[in-house]
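Inspection log for the structure reproduced underneath, given as structure tokens.
Chain IDs A, B, C and D follow the sequence of writing; residue 1 opens each chain.
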């Protein structure tokens, strides 16, 4: 990429956490701001310069017609488009609406649903435009975010593995919670990236990085049942932060 | 003498080496000529690990003349991040080199009979040193035959050299392409089709094959049909390679490590495995 | 010649290793598991703790005694230290038009105390990969040179153990500097000490152990013979390599793939699996670059990637690669089996896949074919 | 300058989430002031229904990536009340410590990266760093220490994974807390107070009805009664007896008022007004040194109060770390039963109220979440109106900036504000 690549950070339906990850890179923030030109990052700067951009980070899922149009524009403006977080890569927690009637939701939440314009589904960016790289996680790992920015600046392939959380768990020498404590863990079907955070706190992974490259949810669900987890709970487990990711969607169809 | 082992005790540390010259071979393929340290030598079929600073390392066969010691030539197809970075470098830039690794084409064992070289696409690169060697010692071989196929005429490597070879009386060159435009007057079709009509004595030939794995599998079958003993057919295999010294595990193909036991293998050693999916 | 010592003697042994500049590693309590960790004295060991591994399950329990080495192998093996999960291979830095490149790791002398015979054998297997090959690995080699091994023979094999059938235990073969046999019997608690190397002889000198009586030696022999008969599992090392080599197209691979999670746990806990990948990282400015080697696994899709796609996209092919490598092609490559019978892959597989059962199933299949 | 002006800020920058501001001036007088929230709704309350009680801390955290700890704390406390459970030490202290981390992180983020650039005339902190590199570096260092606190307790700074109803999944080792660089944070927080006090301060005084928690012994994080300047003093379960929410067309978030229709203010100024005496010694002393009155009515000075609260959070964290003993169970045992529980805690930007009804089966039957920014929407508009009236002499661009700054006084979190609401169907 010639001199300083221009970076834009765009937000769709989300909690802001993934873009905040960039501001949470306290040690690197000023260096990043030196290596790239932060051309459009509304959360951090009033100065918003128009596209095209070399790299566009997209946070959030598509939940309105307006946003569906915005993301198409973002794609036109983007050299490399990177989706960040479970919302952008899988529809996020708000994709739970995809399994219900949004009219009911609107009435539950808002006194005047007619004021609200929203699609009945929350969909990943990939369903609307071509995506060059995906960073998983709810939220993303800031290390992976830095890795992608660094790799793009330096013209190398970002190291973003798609294997299971277990790989990081074992590399770090964390005792497996599933085997050594009987704690159900989604690590075997979840993509690495977090550094096996939950098991390191003796908690089972709950899948916030979404499905790994070859998730065998049927086999893992069978093991969870052996540990005493009922089908209703299994549905909850797969229907959480990456509910609309295909393998988890299927896994939740237990009946 | 090997670069990495000689200059450091660590076989994983690349030796910075300067690019002396570079030129395009086709739209996506180019050659790099490096200045090797004094004493560097290789055998036809061996490869080096080339390191593009900060981007990564890839296995690339030596494609130059084994007799020319002043220059170390590689021919590379730009397909991914590392090879594309290598493509963008210019003379004076420095890359890392480790090697040479792997075994060689059996050019000596082939003496006294016909030498048949079957290449597909970039597969001609690792075979060129073998051909150059054979031509340099032409009297040691009966017929020297090259069967070469690429996707289109634009993908033919070493065009000048090919026409020079075509012009020789002591070498047979048959070229084919998968898809051709109007102007192409040569043959059209996959390279395996050439095997049936190529002039060589199957009983006295040694055949060296390099190309995509499917192409090598079909060549193997075709050569066997033509009557070439399977222990005189040799293939050069490609696998993911990260260490080149047999410790990373990536290049396993059943019982062999391609980097350590290959990349050149006798067809009869691999024949069965080649027929099995996803080995 | 065999000697006898007590817990204080083991403390002196650890002290002597420390005095010789070794960083000492041994089985310690880590939350719910007994696993390798730094040890300054016997108090740091998992004293009085046993482990109860089974397929896909591992629990610890109190023993009601003060055994120092009362648990069988935990998830980690010596591999974690000699072939570390993450190692910097190359540190490169731009310099003028070019760059400089240097090795990234140095070795700390490390002594492993309480290593089970299967794991001692595993070090031997990894030696063949990393130091006996055409080129010596620059991370493993120096670490191995700077290592010492105090083995402990196994008198209490677990349900997942099958070293006896593989020929690696329960009594340690070659490869240790000192070999201990721990005997706890009522009030009695002593260690038979056997010397395996000149360093071992010096260590035994340092701790001032007395010579063992015939009776003590006989006790240990008996305990180890009994242990050999109490293995929870077995593997037919004569038949399995060929059975697997002949089963590459068996439909059984698909059946196993139905259970396998491709989570890679088995390969990562395996004390002989050595597969690794090299990643490139750069400083943001691009001035510095490192090449880092990380444990990888044949269960990971990109492990077999070449331009155009992964060569083993299906989980069945990945499982097949693992099992045939461990129990068949390893012999072709290195002259030994890739399995030492420690049972880790059985214990730490969340899907309870059992290497001995799967191997036996292929064997039966071939026999009936 | 024309007597008719409109200023539309379509996309408010340096706030968390997507908001807009529309003001119209007719015949020289302020006509319309609308703080709009167009961030798409995410329906959290709706999909919490039917989920197990234990999902609440993880799911509600995703409402806001800036203050996930606040959501986890309000939901845990509400659930524990529904089940009649109370947690003891060290869990109670660790929860305060976790909140300290979030306050430090969030306040420093807002003060330096989002708000201070307004006072000094920079588009962003990165622009500001060109002239004030050291200040920005120090701020980032302090922010990082706040995040370190959240990290060690919660596993990560955004959406911590170690919080559960009843306590934690595992307790951090004592050494891990002791090695937090809090001494360094103390120096930085002191400097932060001094720094904010030097900022040029627009001169406005507002008559606010301040609402915050009040605790007899502590500056409030997780516990206390809900108290207002106007005399409200109720328990956590009575929020909806004294406040109402309404849905207006311009916003995807609901607006809150007092029952009498009054506009109120939550956040640092409110907490400070009600709890100044219970600030840590150093924070109280710093407030005095800066000449902060007992009640701060200039909304722009909230930046100073945030700095004082940051110092408080650092000192409080030091106290909590000193008293920490890791030999304890990480969580109390929860026995779910049918019931309703409510809890208000103090998010960095103000009162955050949760109420849950849980069925026999431990699943959520009803959820209500009222975030601070929803409560501040009306007061923000009132402030904008007041500032606008005083600033009509400014040219459009300066006026716009000044109005944005006014909005940012509230550190509004729009992600929070959009996704809530009560299960109340207006059948007109």
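The criterion applied here is as follows: contacts are C-beta pairs under 8 Å (C-beta built on N, C-alpha and C of every residue); 3 or more make two chains touch, one makes a residue touch a chain.
Quantities reported herein were computed from a predicted structural model and do not represent experimental measurements.
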| item | value |
| --- | --- |
| Of A-B and A-C, pair with higher C-beta contact tally | A-C |
| Chain with minimal offset from the mean of all protein Cα atoms | A |
| Chain centre separation in whole Å, for chain C relative to chain A (CA means) | 37 |
| Whole-Å separation of chain centres (CA-atom averages), chain A against chain B | 43 |
| Centre-to-centre distance between chain D and chain B (centres being mean Cα positions), rounded to whole Å | 65 |
| Intercentroid distance (Cα basis), chain D paired with chain C, Å | 51 |
| Sequence positions of chain A contacting 2 or more other chains | 154, 156, 202 |
| In chain B, residues with contacts to at least two other chains | 54-56, 80 |
| Those chain pairs that satisfy the touch definition | A-B, A-C, A-D, B-C |
| Chain C contact footprint on chain B (complex, rising order) | 5, 8-16, 18, 51, 53-57, 79-80, 92-94, 96, 238-240, 242-243, 245-250, 252, 254-257, 260, 276-279 |
| For the chain A and chain C complex, residues of the former touching the latter | 28, 31-32, 35, 147, 149-151, 153-154, 156, 159, 161-164, 166-167, 170-173, 175-182, 185, 187-189, 202, 212-214, 216, 218-220, 223 |
| Parts of chain A lying in touch with chain D, wherever the complex brings them together | 11-21, 23-24, 26-27, 29-30, 33, 38, 41-48, 63-64, 67, 92-94, 96-97, 100, 102, 104-112, 115-116, 118, 122, 138-139, 194, 197-198, 200-203, 206, 208, 233, 236, 240-241 |
| Touching residues (chain side chain C, partner chain B) in the complex | 89-90, 92, 94, 97-103, 129-130, 133-138, 140, 248-249, 274-278, 280, 282, 286, 289, 291, 293, 296, 298, 303-307, 311-314, 316-317, 320-321, 324-325, 328-329, 332-333 |
| Of all residues in chain A, those that touch chain B in their complex | 154-157 |
